[in-house]
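Naming follows writing order (A, B, C and D), and every chain is counted from residue 1.
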């Protein structure tokens, strides 16, 4: 077999990657059942699907499912540090998928990989953070100021006609994560979207589980793998009490930490307080925290001013999509020395003599320092992705250039399948009960 | 002062009630701040407001607020067992409010009290479970079969013209609880609603707090006051994992119980499982449970068949709005003897020799065996009620006969006020952060 | 039947008390099995047993067991506020036991009741806090300065010979609680003990359960019954992280409070911190707390200076044995007004305009404002008491005047019985496993 | 510098090891303060200390402390899989310590390393599991049947006089872990001990922290690193509810697992039940568990019969000292195929078609698949070790051949130091309070 186009670290890692992919597969029964149907029905036949995702064992099983459905798939990384090189190798060598992803790639290589996906002239795109769709739209709009040179070069090479053809060929896209959905809704509001997008993150079977239990466990896991610190008795400051933030708060508390939550939303702040957590502005939390984790989807949540008041030895981590939540340029400007304290742990010696530690260069700590969300939750998330791709093939032409939620019946069907594979049975409404709920007549 | 019309247990309880009302008031600062503004602005001047609510210390403070806003208020109970007789007395004797509510009233007296509220020709109604609105609509529609004789008699006395005038006089209504909102949406779907209704329960500052933390604590409190059993090591079966159910699950677990959740919704069922609870159908849970609590808003969740398989000594409680969740006729039919084991605890000796215990006659255990939701959460719920009444006065005439949510800015304003009174500060988005969230251009 | 000597509130409460005693009995199967054996074996025949205990439903079942064993029992209260008057009545009227206990009795009546027990010339005593034993020793030693006048009068009436006879007649005593054991060990150290004492509190099946799960649940229960406040989001300061304190911390946390622990022992303080609680001196905790609970067994843990820095509305409760943990004279001296805010809640208006609230007059809040430890844990505690009484009859004459632990095999036997009645099975060591544990030869 | 005798994997790993040792050192301030004093006082000058410990970053800092105290140290591994090769290299290359330890060493090499420690003619030994002391005693007693050939060969080479000299030269030993203490007490009972041993595990500042919070976190960490499974919603069976077991139960629950506890001790079993866990025999738990963890210190806790009833995909881990808790020979005999599923995860295909997975070959999963206890708890454990060594030098000659606990004042002093370095202050007893606790006179 000749290999597909690719840029991966080392194809010799393929066997190890294949073993780990198989392990994850065993924990993704819903996706497996979809793959089995896709193999029979081939709903994605003829599609060129470009995916910009974290290249993990779970993603590999999604890609296998898309391929089983008939799609030709090209995959690039959605984050420079989240690639599992053995998985990338296995996808190329064992599954014949074109993969462009190397853990630790620099920005130029990152966008060279995005470019490889654009050059694929996809009919469907799949995003985690909206880098691929935004690049597509930059190209389509000819709006190239400030855009990465690789994308600029691609746009110029394409020419006007090519750009129109590129965008016209896209049936639709799907988006995995909160940050990407925020960007897409901004695009929708600014009327720059050019095709329908299914916000997979909006499915109940996605954000209620993957964002909460997945991010919760894997973020704490990433922090511990990076540092081996004892959480019991530590103060962990969690910035953001959305689904991801409450997952991390819950799990840090579950390991014995005292959790402080910072928020900008008063409703979420009261929830955090009534869930038993301390709530305060970051300014007040900064001098108290032993560990800080940001999960807000916003920029500059931890500023240089905050860092200046932190304890000696404070640990900073981000589990939001982009590495903008901690003011990294500000941190670097404060430091007289930067050194590697442990793998994934950089020490910053500050002018006042204190040292603070940054995990995973401020990138998603759960993916960069651990393995990302466990397969058992990605099972539902990626079942949504697979069904969203199928939905776009079936219905994309009737859909306008807006952000959609996956139809609720598909969402609940995923839940039902998941429940069954977990070995759990639940009750069913009786006719009497359904009737009662539908009637307004019965009172006291 | 001459007393207003009333039917309460004993006016001599007024002083004790007044003390407890003042105690609750000290924990309801948001409502107090609204009351202060209402006193100045009199937004409800000229309104006749009929309220069918649980007659508790918290409700008393809501009523005081409505009166401060200029409304004339008439209050009846929304449940035969939830009235605090000292509070009813205090409202009559110290606040001059017409109250019709006696703890333990029978069905006839319950509907006589509803009738007193209908006879008031209200311009606004306030409901907890929709008994008042549904009675109003039965009257208006002349749909009297199956309706309580008191309501029938009232409708006949009114005559056709009177009925039209009655309904035409209603500007709108508000509804407090999930069950009431379910009934109202059924009315909306059946096109029988005749005026706008604000579903207070839909506010974030209501259902996220009162239903979860309020019902959670007060239900466990009710069970313990009734029984004084040790929860540690017991199996508590919680039927329903909505906001109320998860509140009870969380608090029962917090007292050391092993919690089993039953559900009909697969998404909620997986959430319960990933929150660490056992999930199974009621059929399987029935033989395992030491304590059962229903919070589904549906009928016959615990059937006679379930009861037949329960352990000797099993305890049954309901914290859903109506006393239909446990099959009480079925339970009575199984019993050879019914006896009072403790106050609020009835023993049912079954034919097979086992005894099961029913708390509070299957009515809301948190109100019947304890004091209902603590003031600190009702503060937000009733702030919503007061603002909803004001909103209907201001905008009711432009609103159609549908179910509305209170405008989100009022909801968030309540949260902001609450947070401040809790002594908690939070962060504010900087201009840079707001801009970042609004932009789709910044990626990796 | 002629009634035994007694001083109780109202014998007409007997029926209600009897029902509640029966309810508790159903949750005390270990004690019931001992009662059944006692009925057959009559190991306490001929004993006069004076008991100074909290007069609750659980104690009633212990007394029934002692009577079944052949003892003649006289019972007085071990705390002025912990008596359940219906239980006292039922013991007199239905079980023929001489009871001297009235809820809310003043100090004079309290000691009149102690005197009644001394006049009984007991062969065995049973204490909860060591008031009976210390009174006995004061009398025996003729050390009457500072002793309550009732006890003084009794001693004088007795004369020297009577005193010698009194003390010579005592075979031994048992002690229920931590505070009592601390006093007894002080007596042992000072060589004033005159008979052997079994420290029931030292049994694993006592302090690991009753002190932790019993005090934990019932203290939070007492606070909520007294105040109906929402614990979620509140700061609860727990003074003392012994078995009782950690029970309260665990349960307050389980109801959503943020817990602050104060300690004097560095080991316990680190445990509290690693269990996820904030740890600080009371001086720092005082301005932060919404609710304060003392469980230290020591005096003046919350001082007037602490109270002066507390928040307006702060709530003070004690769950330690004596009402000395909060500086009550100091509090009274600070107050310009004292008023009843709710039953069991006294408001103290302070000179600076703030108000703080004291629950249950600073006495055991779990017994004074709720019903004390649930029957399920008292089952084990009182099984220890019953077996301790039997042990003293069998072996007391061979024992010296020291503080003893109940033999460990009896302790474990209680655990085994309890486990079985909870429906729980466990593993048994195989011969191979027992051998492995006994051998030092098997290594890597 | 010429290198000391050693057998390590690769000295080039020294720099990475040194960085990690420094990181751990920053979290071990109590040990650092002892090291500082040792540097000044040199209390171990002239001692030859042979240590058989897990070769981790924390141990490295202990060894540095012993060297600072003047000891010459020789270190071998206490488990074939727990060595961190970079740490071993750094100790040799950067700290000049003789280390004999390679991760994954076979039994022959393991005992060759023990022999290297025996050949050192130690004056002090330090053990984790008692392999070094038991080997010493086998040699001293000439009891060589069944002993590893390396030890036999050494004993023979030594001759009788050498053996006497060897044992006579040992001043005393220290022991780190529960299993080792159990073995030592068996030696004490069998009167084979020849020198005093300090059971460091018996210190409060050791077993209450390292065994509970350390083993708790690191065991869950090890399971997740090995498998990346989601714990939320899984059933985790914990065998043994001692300090280690309750740590794992607490942390598995903290990550959303439903925990089942198996026990042989009825008291611990009731505690587990009242802590909210399911309790049952392993026979009943076997078919329910998704993950099994043994921490009993006993043999064959999970048998082949249990494994036969497990679910397909069940995961088996051990965190007890020796790899005997799961019946590994039995498991191997059941398997038709053994394969590597992931690093540290072996799949066993069983005859019935199911597959079960064994982590870390059944050895301490927290050390073999993660990094062992975090430095923050080992700080206290190893402070005990350092002080125990000093204590033996000072007092060993006056101590008999028994198992001792470190004097309690040293234990509390460690707690006080730790608390201060955690930035935590606590209360101090006032004179009045001390007096109150010492007096038995003050009652109601």
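The definition used in the following text is that contacts are C-beta pairs under 8 Å (C-beta built on N, C-alpha and C of every residue); 3 or more make two chains touch, one makes a residue touch a chain.
Keep in mind that this is a model prediction, so the values were computed, not measured.
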(message) Using the touch definition from the top, what's the fewest steps needed to get from chain B to chain C?
(response) 1
(request) Chains touching chain C and chain D alike, please list them. (result) A, B
(message) Based on mean C-alpha positions, I'd like to know which chain lies farthest from chain D.
(response) B
(message) Applying the document's contact definition, name the chain pair with more C-beta pairs in contact, A-C or A-D.
(response) A-D
(request) Go ahead and note the Å separation of the Cα centroids belonging to chain A and chain C. (result) 55
(message) Using mean CA coordinates as chain centres, what's the gap between chain A and chain D in Å?
(response) 39
(request) Would you pick out the residues of chain A that each touch at least 2 other chains? (result) 213, 230, 232-233, 253, 256, 270, 273-274, 422
(request) Provide the residue numbers of chain B that touch chain D in the complex, in ascending order. (result) 230, 232-233, 253, 256-258, 270, 273-278
(message) So in the complex, the part of chain C that touches chain D is made up of which residues?
(response) 78-80, 107, 110, 129-131, 134-135, 146, 182-184, 186-187, 190, 192, 204-205, 208-209, 212-213, 262-267, 269-271, 273-274, 279-282, 284, 297-301, 322, 324, 411-412, 415-416, 418-419, 422, 424-430, 432-433, 436-444
(request) Flag every residue of chain B that touches chain C in the complex, lowest number first. (result) 19-20, 22-24, 26-27, 57, 213-214, 216-217, 221, 224-225, 227-233, 250-251, 253-256, 313, 340-342, 345, 370-371, 373-377, 422
